[in-house]
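Naming follows writing order (A, B, C, D, E and F), and every chain is counted from residue 1.
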Amino acid sequence: MKVVTFGEVMLRLATPAHLRLNQASVLEMTFGGGEANVAASLALFGEEATFITRLPKNDVAEACIQRLRGLGVDTREIVRGGERIGIYFLESGASQRASTVTYDRAHSAISEINPADLDWETILKGADWFHFTGITPALSDKAAQAALEGARAAKKLGLTVSCDLNFRKKLWSSEKAGKVMGGLMEYVDICIKAGTTEVTEGKIDHGRYVEVAAKLTERFKFKGVAITLRESFSASHNGWSGLYYTGGKEHFSRRYDIQIVDRVGGGDSFAAGLIYALGKKKSARDVIEFAVAASCLKHSVSGDLNLIRLSEVEALLAGDGSGRVQR
Amino acid sequence: MKVVTFGEVMLRLATPAHLRLNQASVLEMTFGGGEANVAASLALFGEEATFITRLPKNDVAEACIQRLRGLGVDTREIVRGGERIGIYFLESGASQRASTVTYDRAHSAISEINPADLDWETILKGADWFHFTGITPALSDKAAQAALEGARAAKKLGLTVSCDLNFRKKLWSSEKAGKVMGGLMEYVDICIKAGTTEVTEGKIDHGRYVEVAAKLTERFKFKGVAITLRESFSASHNGWSGLYYTGGKEHFSRRYDIQIVDRVGGGDSFAAGLIYALGKKKSARDVIEFAVAASCLKHSVSGDLNLIRLSEVEALLAGDGSGRVQR
Amino acid sequence: MKVVTFGEVMLRLATPAHLRLNQASVLEMTFGGGEANVAASLALFGEEATFITRLPKNDVAEACIQRLRGLGVDTREIVRGGERIGIYFLESGASQRASTVTYDRAHSAISEINPADLDWETILKGADWFHFTGITPALSDKAAQAALEGARAAKKLGLTVSCDLNFRKKLWSSEKAGKVMGGLMEYVDICIKAGTTEVTEGKIDHGRYVEVAAKLTERFKFKGVAITLRESFSASHNGWSGLYYTGGKEHFSRRYDIQIVDRVGGGDSFAAGLIYALGKKKSARDVIEFAVAASCLKHSVSGDLNLIRLSEVEALLAGDGSGRVQR
Amino acid sequence: MKVVTFGEVMLRLATPAHLRLNQASVLEMTFGGGEANVAASLALFGEEATFITRLPKNDVAEACIQRLRGLGVDTREIVRGGERIGIYFLESGASQRASTVTYDRAHSAISEINPADLDWETILKGADWFHFTGITPALSDKAAQAALEGARAAKKLGLTVSCDLNFRKKLWSSEKAGKVMGGLMEYVDICIKAGTTEVTEGKIDHGRYVEVAAKLTERFKFKGVAITLRESFSASHNGWSGLYYTGGKEHFSRRYDIQIVDRVGGGDSFAAGLIYALGKKKSARDVIEFAVAASCLKHSVSGDLNLIRLSEVEALLAGDGSGRVQR
Amino acid sequence: MKVVTFGEVMLRLATPAHLRLNQASVLEMTFGGGEANVAASLALFGEEATFITRLPKNDVAEACIQRLRGLGVDTREIVRGGERIGIYFLESGASQRASTVTYDRAHSAISEINPADLDWETILKGADWFHFTGITPALSDKAAQAALEGARAAKKLGLTVSCDLNFRKKLWSSEKAGKVMGGLMEYVDICIKAGTTEVTEGKIDHGRYVEVAAKLTERFKFKGVAITLRESFSASHNGWSGLYYTGGKEHFSRRYDIQIVDRVGGGDSFAAGLIYALGKKKSARDVIEFAVAASCLKHSVSGDLNLIRLSEVEALLAGDGSGRVQR
Amino acid sequence: MKVVTFGEVMLRLATPAHLRLNQASVLEMTFGGGEANVAASLALFGEEATFITRLPKNDVAEACIQRLRGLGVDTREIVRGGERIGIYFLESGASQRASTVTYDRAHSAISEINPADLDWETILKGADWFHFTGITPALSDKAAQAALEGARAAKKLGLTVSCDLNFRKKLWSSEKAGKVMGGLMEYVDICIKAGTTEVTEGKIDHGRYVEVAAKLTERFKFKGVAITLRESFSASHNGWSGLYYTGGKEHFSRRYDIQIVDRVGGGDSFAAGLIYALGKKKSARDVIEFAVAASCLKHSVSGDLNLIRLSEVEALLAGDGSGRVQR
């Protein structure tokens, strides 16, 4: 399977070892962003993955491309130009203290992209799947237009199109999001979204999520809706499971109890797992189990990217979550 | 509110990442001490905070002053002189292995202070609150005398005086502590102490702590007694709550389950929260909730200092201990 | 008591902070190996401990010897020669992601040892105890022969002989292991092995382990059989207890709930604790309690070596697993 | 003396140990910028120094303010608002490989400042000196206007005004620079600029620099012109000296041979030394010697800021550049 | 131009900051080896570069491949199999203390390669250049045979063949080297070797090197012979220049005075520069100037790989070795 | 040869990478002190070396002992007791900025030693050489008395006694030093001292140093006087040579040009080299050449200890100071 993803990749500058920004003397330098994370995870699973974005011509962007290319992502179609690569600062939380993200992504190269710079027919040629998230259209009208053209071309060429809704309230209002995303949904086959479970409510209300999925399916004619179900006990400890709704039926995964190393990118690793499993024509139940197992493991990996191999997901699916030393 | 605190600040040399001292090639260099920690926390909450101590004229002490001043603490009244800054070595524990503190604080500048070097009337002018801990008088007779003069002047000038009893058995005997502290209590309005809950006893005996608070109040005519209630399950996992006793009534806070990053300074962050909340004329119940929430968050911060903003305490008080990423 | 251990010590190259190998820019350099770990732990408990191995003449091996000698291990009888020191790479896991060990130990100096290079009568002179593990004979026929000669000489000289079975499937087949180990068991007094509890089975089946111990005792005439009972909930959280079977009776230790810093070397620290306690003629119950407490603490220490002092084990045995700061 | 400086302070993200950006896993996080560097150096010399800029309300900007405040810079007049703090990435060069700076400073808070946000009469009240550089007006028309209003107000209030020309070709054209800077020069008393010595020419042409200074003086009626004379043999080795031209006479300093730790901020430390020495009414010769000695020492300090004490400059002036250990 | 290189790539474990192995707590993990270094440098110059080797199927080898792929090297033809990746330990020297390399490369995957595993006709299809070094045949007879087959196929297919003689006395005797290398030279067009200048002789004897080049040319009918001329004043300071001999005429480059960051890989960066410049059909003089400038810059880069861009080499060739900050 | 040294060993806390104390977030933790440095260097040269001091019973002192023991120093006679281990803070300088040492060694365990705690006859039994420095008697009267008793016993038992004068003006006055040291000199055979060459004087005045040595010899009847001749061009660059005066004749070594990594401990490594060479009965010329070569190499090693092997000194003596990579 060949998958094309489109969106923003940012320089991630994280404080080490749970430090606050005013304690840090160094920042850990990695790269991440919803669609890049999906592409990297799929490449590590052995799929062909192409990542499309726009990056400036400077050494920071170069380092980003080298990292993605090293992991096996095809970066040849990345458009070069613009002023800057988006940045986000991350303070990794613990216990009751939440991780905090400080965005510095305005005016990034991709937010100022000229949609015409992307020849989607060429880019998508030979591909099976197109993926984007709700963050890309939120970046700017130009980025939204580019995403729209990508989704439309993908649809036309017969690709499966998936979208992780990923609403970011700091990037746009819910009104604008509703309008723009509504237009995009027409081309989307598989819809992915994060649940909003509040652990203080005691238990996940499974019924409510089935309802949400059913309504979305009805309104936008999705082939499938996948929802991550996170129980946020603290910044260090989460419950993790998922729902896949397709053909009028719900499929819940098993639930994992997670000691968190890094939860950023958890949703993206779920999307990658879902795409992988759907591409392999697994059963609906196996699809959600795979996506949840893959993303469960992501929480133990530092950085945005899910540096987990297929064999590790399969071992967890086979029941080994014991963390015994592999030797 | 303007708060003045008086005591010792030490160079803290901690092994990184749970290493033992004989594994470490570097030591993390920060600064801390009961009263300095209280001043820093209050400054970060937006209050005026002045820290009084005595420090030698050398580069290590200079770095200490720069750190406190950077956080907004007024360091202009620090007396310069003496031979050395106190030091403590910290091995951060985990699970059943306790953190260990190796003190190297004898002969520190403050322990050899000449009480006459501090003109308390000038220092306390315009201040609302004076805070010290039971560590300061334990350092030396000179330091005890200076604390006594400070408390007496504060009382005379109409400030509220708080004291965190903080008995340190390595610094003095309980007999001497009883005698010296007894004399100081005459000037104290708010008494703070750590509970001594043994988790092996199964449950916190709330009644016992109310009794302790009532007796202290009776004996020393305190306006309020605050007690931290720590359940030490392991070096990695604690329960945390508190009691505030005032006007003949007890007020228990909610209880937090904490994954510990660093528990040193936990009590000091509680004191700072208490002082802040009392200064804001909050209700007794809100006072103890604020103090416990502030100090709960401290346990997720590396170092002695509670680098937590007011808004973060308020978010936790409002019920969000979920650790969800803030973005 | 003077204890001699014989086996391989390796350069351990571990990624920091739960990183995967393709994220790491540095590797943490320490040394470890079953028998070296036992010797180091015993030396830290105050016993005389001699470690026998073969190491090449190069700077890496020199650094290894200096580390062990620094901890008080007698390294004077180490044979120098051969091509290389064995290496293992460690990715430290977390939550559902297991730690992974990549061995690079083939052709190590000890695997190519000439058994005649070791004059066991001289080496064991004045010693009370000889310890080895099932890893040593698995390295090569030469190493197996050397272990056999060591065990035989020890028996002849009246030492107590202990063996930690430690089957490593990557080093040899279970058939060969059975045959070679069977021959060695004739000289062994105390047999140590890891239990194979699967946490998914819900509860440790204590009866099954008593049976295993009884059968081993019957077959090989052991004076005692010790079994570690690990409940692997995840790479971050384990249950830990043990069984000591001697004189036809079983003795189970209390059980500890562990937040893991590093579980590699856990079994070795158990063996060291067992040897120490048996050497002190403790009761069977005290022996297993000591071994389990010592190895419980190991899980909080980074690296293979159990850098725990006797006083710390004793404090835990006395009931303090609260992790309260020691100051 | 009280000095006010106005300009941009940036987050500086430098690769450690001469690494290239595509080798780095962490970036060293410090802060710097021409006018902030001058303020910090003066504060460390014991002068009152106020730094004026505009910074957003986020944790990165907060850390910046804490660093400057810690060093004794008055940061109370910093305007808060805007989108982002400017950033620059630094690869530290060595030998023939030059250090490279990648700017990411567009759209910074100060570049979008509303000149009316700065009430210069209040800010400059009680001050003796106003300093800015040619970088500030290059940031944007708004920043240029703010600088102009500051310089004008300073002149009106009787302060001495200094400007470090610091032409940055990536920020504006030389035509625009000429026009804008020309207008500003009317208010400037002391002009500072970097020489452009090419070491390949063999020797510094002292006469040429005297000519440049004389012409500038004639055209803009400066009280003094100071020029740094750097001989760039390589990124690791420079010659360093300076010229101060005043009252129609030139004064050259002695020349230092420098092994470079970090040359970024070298010119700013020269400006700070010059301002300090002029403020102390030193002779023209002593002024240039002080400025050159102070900035010579800066090259041995990592980061933009000249963390050098007065006593160290004085020791070098007194002839001790031997680098003997001070103990 | 498309270049194929064949040889061993090793895990390089270097002590940081000039530490000795017995001081280090971490080792810097990078990868390098003569032919891999050449491929990486060419890829960074913008050429198509394919690296051929044999690597085991493990995480360390995976990390190596990701690094090279990230830099743009085509790694798709790397044969997977064998036991281990070769390793070398590096202590970086300074002043009179030489850097020391401890090899641990015996039994590496490539040394046990089956020459038949490489289908050279396929691998070399479409390529213009084949490069190897004298290290490859020194690894083992199998590796020598593979190199021979590669060189022979390259010749047959009309590629230019270059070889860097690189005699390593720890890998084989000079007798065996002479015999094996002699056989290989038949296919070589461009011969590269390190000079053996002893700085204690005062001056480089240019005539002697011309003689060496002439003799090699005569004996093996090389189209060109390139010799690096290193003056080793100390581990921190070298002189660097080169000779290219072709068509019966010698061409010496200019000479650079280098402050060394890392000299390992210096010769490989020279080879890459030479190949690049020859591929661009530069004049003999320009060829040697390019190769020397490229490798001069390598000495300022940490690690084996020459992470220098074409534009940087060109700037140095244009005369800018001043190390001025690029901004 | 068996050498016993007596003095203070301190915890050394150094800023990394030339940072100033107010920039450092970690301090590098090593151990050093004149006599410990000599013992460690001799042990690494293969001699038996015993180090005598007094250290408290805490984890920091334990780590110190483990480091020395690891290097092969006999630490069994170290007296345990007292309050603290001495500490010194080191800022590593560069170019014109000198390294600075901040001592925090008052009240150290050795300064409060009871001379009767050392049974010199037992300690020195079987030894050939006793070494101390002028720092030990400067610590306190008790330490001076202990040194005196050691020297006296050594003399009586027929050992050679050496003393490195090492005047430290922060520890005592030159009057007191003169008096105390004068009394000790009676037992000293070999006197070592640092020259006081001022590089600004242009050239080392060899005659003056011969005179100094001759006078010392005359006054105290030394068998030999050794003087280090350091030319301090800067903190990064020194000249280094030495003089050995014996039997009325002077012997100057060759001179080395040194790029400095760490010059602390340079004099101690010279003393160790001298003792080693004298013990080997080398000629006077060879003695000074060996001492100077050994200590030249020390300057390339980080930390107080001279982690240089005999073979490396011999290679330098044989003329190889080229720093070529050893592989």
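As a working rule, a contact is a pair of C-beta atoms (placed from the backbone, for glycine too) under 8 Å apart; a residue touches a chain by one contact, two chains touch by 3 or more.
Since the model is a prediction, treat every value here as computed from it, not as a measurement.
**Q** Which chains sit in contact with both members of the pair chain A and chain F?
**A** Chains touching both chain A and chain F: B, C, D, E.
**Q** Centre-to-centre on C-alpha atoms, which chain is most distant from chain D?
**A** C
**Q** Any idea if chain B and chain C meet via the same residues, over half in common, or different ones?
**A** At the contact between chain B and chain C, which are copies of one sequence, the residues are largely different (under half shared).
**Q** If you take the mean of the Cα atoms for each chain, which one ends up farthest from chain A?
**A** F
**Q** Indicate the whole-number Å distance between the mean C-alpha point of chain C and the mean C-alpha point of chain D.
**A** Distance between chain centres, rounded to whole Å: 61 Å.
**Q** State, to the nearest whole Å, the distance from the C-alpha centre of chain C to the C-alpha centre of chain F.
**A** Measuring from centre to centre gives 41 Å for this pair.
**Q** Can you give the whole-Å distance between the Cα centres of chain D and chain E?
**A** Taking the average C-alpha coordinate of chain D and of chain E, the gap between them is 43 Å.
**Q** Which chain B residues sit where two or more other chains touch them?
**A** Counting only residues that touch two or more other chains, chain B contributes 16-17, 20, 22-23, 25, 66, 70-71, 100.
**Q** Which stretch or stretches of chain E touch chain A in the complex?
**A** These residues of chain E touch chain A: 66-67, 69-72.
**Q** For a test of understanding, state which residues of chain A touch chain D in their complex under the given definition.
**A** Against chain D, the touching part of chain A is residues 13, 16, 20-22, 24-29, 58-60, 62-63, 66, 83-84, 87, 89, 91, 100, 102, 104, 106-107.
**Q** Touching chain F in the complex: which residues of chain E?
**A** 17-20, 22-23, 88, 93-101, 103, 168, 170, 198-200, 232-237, 263-264
**Q** Touching residues of chain A toward chain C in the complex: what are they?
**A** 16-17, 70-71, 256-261, 296-297, 299-303, 307-308, 312, 316, 319-327
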